[in-house]
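Chain IDs A, B, C and D follow the sequence of writing; residue 1 opens each chain.
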């Protein structure tokens, strides 16, 4: 009989020999809830399949236990926590400036929005007025980051459907933006650029020249890349009518961002609850009525165009002035609570900060859209095929760094 | 600050509010008892004068003396965030009704609050740990959490034996644990 | 002996080598000569009596050896072409333009540990790659590369072809079943379902061609398309070509029908648990399959080895010179012409550039002479040997189709399994039946008119 | 999606074929160095000046700011008076424990400065209460401490740092800059042998730095 050696839990040096059975992802303890008991009971002709934690298309370290009947997914149970770093706890023991370094790598694809929300919350706690130039710089860099994130989304979407080329074309756009932001902030991905009361550095020549070169060709490039997928029969047939999320369900699932706008809800925090200088800027909130994966994909394309519009306005209307408010070096807000939310490329990035008057936040809650949206996979997938699981997951665009905090 | 919202809230929930409606910047905060939560939430969600259809955030808070659950709501009827605080949960056995009957998407956020604070949400069909391993025994975001002690107790906590032996396993709960000086 | 060993010790290294190897060669040469003298006539007479067997063994060996450079070339093409379409450079470090990278990959696969995971069925697990690889190699035997250049001219070549294609699926199913992995199992089942479904439109679409040609032999079908390119069956059976091409893509498990190893869905499908050279066999078989499918498309629809336009007979060169009659003149020519050409080619460099010394100019002349001579010989061969022309045309057309497969992989996303099956049964099968019906009707009508 | 079946596919194929012939965008890295913006701060390296000495001033700002306490430093301060360190590899376990303590909100024992904690700090607390823990009154505090003790004890610096929120590194720099402030224990060299506590401290440092700083501390213990 074949056997496998296991490390004992008590002493890592003791190796035990045990007979192996069929490896099933059923947890080795009694079920904790009715739902768990129901899920881990196999019906006739069903089997479990363990997708992840190492899987090419789970966008990070996610494990999804799929209950399948042939190729059809009956039910699924995402298992999180492989990337859990306890950022909220870390933030409670760091001073206010340090928290930005902690929240930065949460959602590493669009890190600026992870900085923006806590910074806004702390500004509310401190009652600081942010200089207008700083706000414009924030909007400008944030919209650039949104485009970079959406570009990557389109590539991933195609890659999860088996297309090899779009991700590399997307990376051309993303890399140019990322280099541009590196010229502005000093880092490529984890910028650590926003400060409480402003930003870290002013616009510089290097950034502006790169931005100008890119802006002159960006929208043509985006358009050209899209002809590969938007009219492709295989792509459209796979995406249309898949994972339809209606208006009521979108609200019931607490979802935000492009995923709900594709279901016909014009909920964009930039307009619904304006912050920064967005009330002064002209842009549309694109919405779509279908609510399927194709709508979620196409909506992000429209958003890229709107972001280009916003960047253009920011460059035209950039005021002069200081880039940071005057603040004491050690930040001690008076006791209070503040909630700040920004509209990121995936939805609402929010921070709920409680101050108790010391130099460290008493409680810092970080709300990440990926976490909320990943639930919807469990709602939209059952009844579809295994391949559709990836398509639906990709269309909701979760990033595991944000999901697991 | 939306004064009209404050008046509406006071008129509608006068008795149930545990304190005055607080407003600061663009936030309006009401505090209610945990038992009133389903009714208040249903009112806020269903009645067109409020129309709070979107639950933007749900989290738990440990103030060091009591537990709270905090809900942030958004509505097109008001420019403010509405913050509903279910106040005064006991730290020993925090229990609060679930809001999954209104927002199914609150399920995972409640699981997270359960995982981090041990708050039991009554009515959540799937209340189990979401980040921490199943055999984890303590609740990390509580204010009396002490990593070497609490993590070492559970085999899945990731504390190796060498570290465990060096940790002061019988450390007294320190008097310096941050207690609330909150408003 | 002591003197001998001391003398041997005093020798330099080359001396030692010479003094060891030369006696050994003498002994061996004598033994070999004796063996040839004794056994040669027997072997020769046996081989002479069994010429078909000899031909088969030689052909099988060549075909087996041919798969390796073919797979390397197609793997390199895949890497490079997709990279260029992605606006990357692709492999560019190993060899000229990175062309040796696939060879390096092959060596890497050879050097890797051949890992057998716990819980697999070891026998089936070991034999599955062999079955897959042999199935594709055996298919190559009936592919007509050029006039007279094919492994075996079976009169049921096409049938044999599809039978071997079905055998490959058995290998994939074996791999999927024995791997003790649910992803592998799904991959194996997908491949079985997919290939069984697509065999039907594939076979039915070819029946039109078979009706026109009246033969199942690929050689005969190719011969029937000789003449100008208007005689190619693609112009008489366009619908059949489209159906055949789509179904053949599915048969070779290529994008957009590569569901058996859909990496974003079921990790690597049937090959998930394989490593080392066993994985290498799957990898090779996949690319050999691409070559075969492209070659079959060419043989059936694009005239095989036939040139698009017939070569004008007046241009053909046939060697008329009577070499024996030239006698001493030939010797003189051989002695004089090469040095003369070398000098003639090298002199301009010496005369025009004062930096170049005479011996350098002569070396340049020698190199140029070789280039010219090889080119002349090749051109002569091209114009005078049918099979060289045929082989070049066949390989050219085939690699054009291989390029198309790679191009499709670089462009298209993958279809879903239910769309795949629905497409086969709802669209391709009726279309191929329609094509067959129309073809049969046309043949009957034409024959009755005659 | 067009009405002609396969037209979308054909468009895509045409686009990829067009890209096949277009110029490529890959950076040929080893031959062509990357275009790094001047502001880029991703270089994780210690720089040397033209004389071959490290440019690091051992100011500890990086070690203090490091969120996960992975930066480790050791060295002698610019006036050659103290061998200072943030942590040696051998102390990793301790630092890990410290880190856990710090994150749990408990006080962190600091074995390196344990020697200095013997000093009674009530006077410092009184001075701090007087100025209301205001970090802007730093010079006044330090001057008062100097008057109270005759020198500025390191433990007092730590206490001031903890209670006012000023960075220890800044405090240390300020205290060592001014001539009227004498940081650390009074100078004993020339009077006689170093006090036993100093020898113990240097020995502990020696062990902690194990090899890196052994020469320096040895020579100092002898001299």
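Quick note on the criterion: contacts are C-beta pairs under 8 Å (C-beta built on N, C-alpha and C of every residue); 3 or more make two chains touch, one makes a residue touch a chain.
Just so it is clear, the model here is predicted, and its values are computed rather than measured.
Asker: When the mean CA coordinate of each chain is compared with the mean CA coordinate of the whole protein, which chain is closest?
Answerer: A
Asker: Looking only at C-beta pair counts, which chain-chain interface has the most contacts?
Answerer: Looking across every pairing, the one with the most contacts is A-B.
Asker: Using mean CA coordinates as chain centres, what's the subunit B-subunit D distance in Å?
Answerer: The computed centroid separation for subunit B versus subunit D comes out at 37 Å.
Asker: Averaging over Cα atoms per chain, report the distance between subunit A and subunit D in Å.
Answerer: Roughly 34 Å, centre to centre.
Asker: Mind checking the centre-to-centre distance between subunit A and subunit C? Centres are C-alpha means, answer in whole Å.
Answerer: Measuring from centre to centre gives 48 Å for this pair.
Asker: Taking each chain's centre as the mean of its CA atoms, how far is subunit B from subunit C in angstrom?
Answerer: Subunit B and subunit C have C-alpha centres separated by 68 Å.
Asker: Scan subunit B for residues touching two or more other chains and write them down.
Answerer: 145, 178
Asker: Please set out, as single numbers or ranges, the residues of subunit D touching at least two other chains.
Answerer: 9, 12, 15-16, 19, 25, 103-105, in rising order.
Asker: Could you pull out the residues of subunit C that touch at least 2 other chains?
Answerer: Answer for subunit C, listing residues that touch two or more other chains: 85-88, 410-412.
Asker: Which residues of subunit A touch subunit C in the complex?
Answerer: Residue positions touching the partner: 2, 4, 20, 47, 49-50, 55-57, 71, 158-165, 168-169, 172, 228-229, 232, 234-235, 237-238, 385-388, 390.
Asker: Taking the complex as given, what residues does subunit C use to touch subunit A?
Answerer: 82, 85-88, 118-119, 182-183, 186, 190, 255-256, 258-259, 262-267, 409-419
Asker: Would you tell me which residues of subunit D are touching subunit C in their complex?
Answerer: Going by the criterion above, the answer is residues 9, 12-13, 15-17, 19-20, 22, 24-26, 28.
Asker: Show which residues of subunit A lie in contact with subunit B when the two form their complex.
Answerer: 9, 12, 27, 29, 32-36, 80-81, 84, 86, 88-89, 92, 124, 251-256, 267, 272-273, 335-339, 341, 348, 350, 352, 354, 356-358, 362-363, 365, 367, 371-372, 374-376, 379, 404-405
Asker: Help me check something: in the complex, which residues belonging to subunit B touch subunit A?
Answerer: For this pair, the touching residues of subunit B are 24-27, 29, 53-59, 61-62, 70, 72, 74, 76, 79, 81, 83, 102-109, 112, 116, 125-128, 130-135, 140-141, 145, 155, 161, 178, 180-183.
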